[in-house]
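Below you'll find a set of structures to go through.
Here subunit A shows up in two complexes: once beside subunit B, once beside subunit C.
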Partner chain A sequence: MQADRISRERKAPDGNGDFGQALLDASLPSPDGVIGPDGKPAPKRFNVYRNNVIVSLIEALGDTFVAVRRLLGDGYFGALAREYIVHHPPTSPVLIWYGKSFPNFMAGFPPLQAYPYIADVGRLEWAWLQSYHAADAEPLDPAVLGDVAPDAVGQVRIERHPAARLISSPWPIYSLIQANRFAPDDPPAVDMQEGQDVLVARPEIEVDLLCLPPGGAAFLEALFDGAALEDAAGRALTAAPEFQLPVCLQTALSAGVFSALVPDNGQGHLSAKDDATRGAL
Partner chain B sequence: MKNKAMSAALVAGAVATAVAGLSVTTPAHAQAKEKCYGISLKGKNDCKAGPGTTCAGSSTVDYQGNAWTLVPKGDCVKFGTAGGDFALPDGRQGSLTELDRDLPQA
Partner chain C sequence: MAAPLPSSNRIHHTVPARAGAGLKGEHIPLILDELPDVGFFEVHAENYMGDGGAPHRALEAVREQYPLSLHGVGLSIGGENPLDRDHLMRLKVLNERYEPGLFSEHLAWSTHDTIYFNDLLPVPYDAETLQRVCDHIDDVQDVIGRQMLLENPSTYVAFERSTMGEIEFLTEIVRKTGCGLLLDVNNVYVSCTNHRQDPIDYLAAFPMDKVGEIHLGGHAPDEDDEGRPLLIDAHDREVDVAVWALYESVIGRCGAFPTLVEWDNDVPAWPVLYSQVQAADTILTQAVPADLKHAS
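And then the complex of A and B:
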């Protein structure tokens, strides 16, 4: 709703949309009413402004997608970003929210078809930024889970921490983002045959990235979807027979990707949908 | 595909193992950090807010009171009170909240 309103304002600051469209399309003439001190049309001044808008958006995308830019090189990245900006201009004035659809754009960009991992690296970088800006919350104290009676713990549901994200890929995106962004001086070995599931967490101030063992992604995805612990463990075993529940649970608890146990409403089937229904009643 | 099941007893055992392992060996967030104000040399303050908000390295005087640096949790109060790496000149101390000392001239 909010985005719709802002988007309309962006397209029509002067009532007919010419200004916004001319900003992004260099083949359009400078809009009526853009004049210099002499009262004459000032297309050169408008071109300076047009250039600043595009370049600052390219830089903003480059700040968000650091590893993608490094993988593609500055020249290619700049051209790609320019193409994206023209087709997907910002719908919000807040630059930290710009670029959500950039990974999908890259996935559908024909010249990048030979580099299918680039889009997933971008998805991980977007998740990193969203985790950084997510609401602060105290992570779940593991002792709270330890205090649940053994015969009830399998039915426990756990809330995702607001900063926790999960990105699964058939490509080694964890190794790629380390080598091209967070640890360029001490890069890990990159095995392009290896898929990696990455957990993004920010229990306090800094964002952590963790590579999950087999089944870990299926397990956490189920928990984040509102499945009970026992059910989530079953789904993880189905996805990966070598799934180790103690290891994955310990990894997730120490990473701080949960915020609280979901209170039991007595029916044992509390989910987001039930929650919404209760809210409506 | 039918889901495999994990018995309630196995789940309970796994939870106990995971929680016990955490409390004994690795306290959660052992690497936790905190923002510490008033300790950064000029141009060396931290800030990683992403595009459009470049404040990292924007402090203009040494030990600027409203600029912060990330330090390991618990270390901030040592600045100015402990010696060695924690020493600060002229009786200054690190603070977990913003300070009004050493602000740049407006």
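And then the complex of A and C:
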């Protein structure tokens, strides 16, 4: 009886832990106690699981980072993704959320130093995916802004639509994502000297990408951060003296990147709570 | 999260004993346009865990036209860690939003110490694992508030520490938790081949009165460490002839069940998948209705 109790309470070998470690580390032998039908260790059988894990996750990353994969080629992308997977495996069973740190991983990956634009294309693809899956919301009706008293317009704060994102880059990431993902048959000219600021919007179901004019990114970044219209325009002019407020505001309104005017209740509303925006900026 | 559709918009809540198809994004526009005669569609729950946008819009449209089965692939019911509460809540929300006629998960694990491995990993069949799986299934059924179906796995390895067979293990789970079973006939064929057992014996011993759904799918041939056949549950091709034969014998013996054709990798054009669904439907319509069978 006593012996039975002890054997029952004896901690079982850490089966999942050993098994899981060996899945991601191909240098480890297959775990103890894992056998084939004849009772012998079966490394080739265990490798089926290793292969399933790595291959399915490479595929998941490839589904998210379509343009990055095309730019790098399947072979290089697969090797890079494998490296990322082993060091940064998913932490959620919801794989549409896997790969947030992949662009940063690429930026810090020494062999990719000669291709610094790839990480920014990855950031744009991540932003596209976040926008695609974001909560549904009605975009702000531009007429609402027209109803604000003229002397109050400067103090208006506008809430970011849940599907709106902004990615700024010193590289032509809009042209690159079009050429390698959305319009490969009719690719735009890519000028590697040109930086591009891209607005990601999804007022309904389709995700739209828009290249912003000078100052546009500083303006929208400020608005998304909770700044009043007047302050945002000021920051945009500092960033780019040629910034044109009416054009840029009109572009953003028709793209549907706002959801509502922030009620004027004094302090408190800053979209800093929304780290999705922060992460994207 | 958007409010669930009012139930009144939906005519189908129960999944019929007919053939259905795994719903793939690339087929949805055609399905909504042509409304093919399919018994039901099944989706992987994890693909609909975003907040909004196109996936939910499409699934809501499909749900208005067809009965739905919700199939989880990431809950890690066989895992050593407690269930992921957030994930369980996401499954609950999806069940409430889409009101699927069937809800199923796997006898497998996929998460350990925060790492999600994205594969259905095998569990040893012993008393300790049995207790843990039963606790997890009790938890799922409590939180979600409905019966779940547990799917028999396809496996490539066995465990030295196993003390019982797979059917004994599954039967005990059903007895202790009141869950139902999802019989994957392709998994039966894959596992029996891989472990050198007879799939006919396996199916003869399977507790068919607890089965709420059947899965069919394609597998890929490989070889094990000794150069003997090893089948991989790849869902990347048509259902194998041997699996059709096993399925036909099960249906002939036990009557019709909701039957899903899964095709998740190298997904073909819709007509190819649809012809597999129709093949399953043909077998089902020739079956003696289960209630008559039970009556005799």
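As a convention for this text, the second predicted complex is superposed on the first by the 244 of 281 C-alpha atoms of A that agree within 3 Å, B and C clash if a C-alpha of one lies under 4 Å from a C-alpha of the other, contacts with A are read in each partner's own complex, and residues count from 1 in each chain.
Operating definition for what follows: a residue touches a chain if its C-beta (ideal position, glycine included) is under 8 Å from a C-beta of that chain, and two chains touch if they have at least 3 such contacts.
These numbers were taken from a predicted model, which means no experiment stands behind them.
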{"item": "Superposed partners subunit B and subunit C on subunit A - clash or fit", "value": "clash"}
{"item": "Which of subunit B and subunit C A:48 touches, first, second, both or neither", "value": "second"}
{"item": "Which superposed partner A:86 touches (first subunit B, second subunit C, both, neither)", "value": "neither"}
{"item": "Partner chain in contact with A:162 - subunit B first, subunit C second, else both or neither", "value": "second"}
{"item": "Which of subunit B and subunit C A:142 touches, first, second, both or neither", "value": "first"}
{"item": "Touched partner set for A:205, first subunit B, second subunit C, both or neither", "value": "both"}
{"item": "First (subunit B), second (subunit C), both or neither touched by A:132", "value": "both"}
{"item": "First (subunit B), second (subunit C), both or neither touched by A:234", "value": "first"}
{"item": "Touching partner for A:39 - first (subunit B), second (subunit C), both, neither", "value": "second"}
{"item": "Subunit B versus subunit C as contact partner of A:60, first or second or both or neither", "value": "both"}
{"item": "Residue range of subunit C overlapping subunit B upon superposition on chain A, of 23-31, 113-121, 131-139 or 221-229", "value": "23-31"}
{"item": "Where subunit A meets both subunit C and subunit B, residue numbers", "value": "60, 94-96, 132-133, 205-206"}
{"item": "Subunit B-touching residues of subunit A, taken from the complex the two chains share", "value": "59-61, 63-64, 94-96, 98, 129, 132-133, 139, 141-143, 145-146, 148, 150-151, 153-154, 203-206, 229-231, 233-235, 237-238, 241, 245-247, 249-250, 253-254, 256"}
{"item": "Interface residues, subunit C side, partner subunit A - complex", "value": "1-2, 46-47, 49-57, 73-76, 79-81, 84, 87, 90, 109-119, 121, 124, 128, 156-161, 194-196, 222-226, 230, 232"}
{"item": "Residues of subunit B that touch subunit A when the two form their complex", "value": "1-6, 8-12, 14-23, 26, 28-29, 32-35, 48-53, 70"}
{"item": "Subunit A residues touching subunit C - in the complex, by the definition given at the top", "value": "12-17, 19-20, 23-24, 30, 32-40, 42-46, 48-49, 52-53, 56-57, 60, 89-96, 131-137, 162-163, 202, 205-206"}
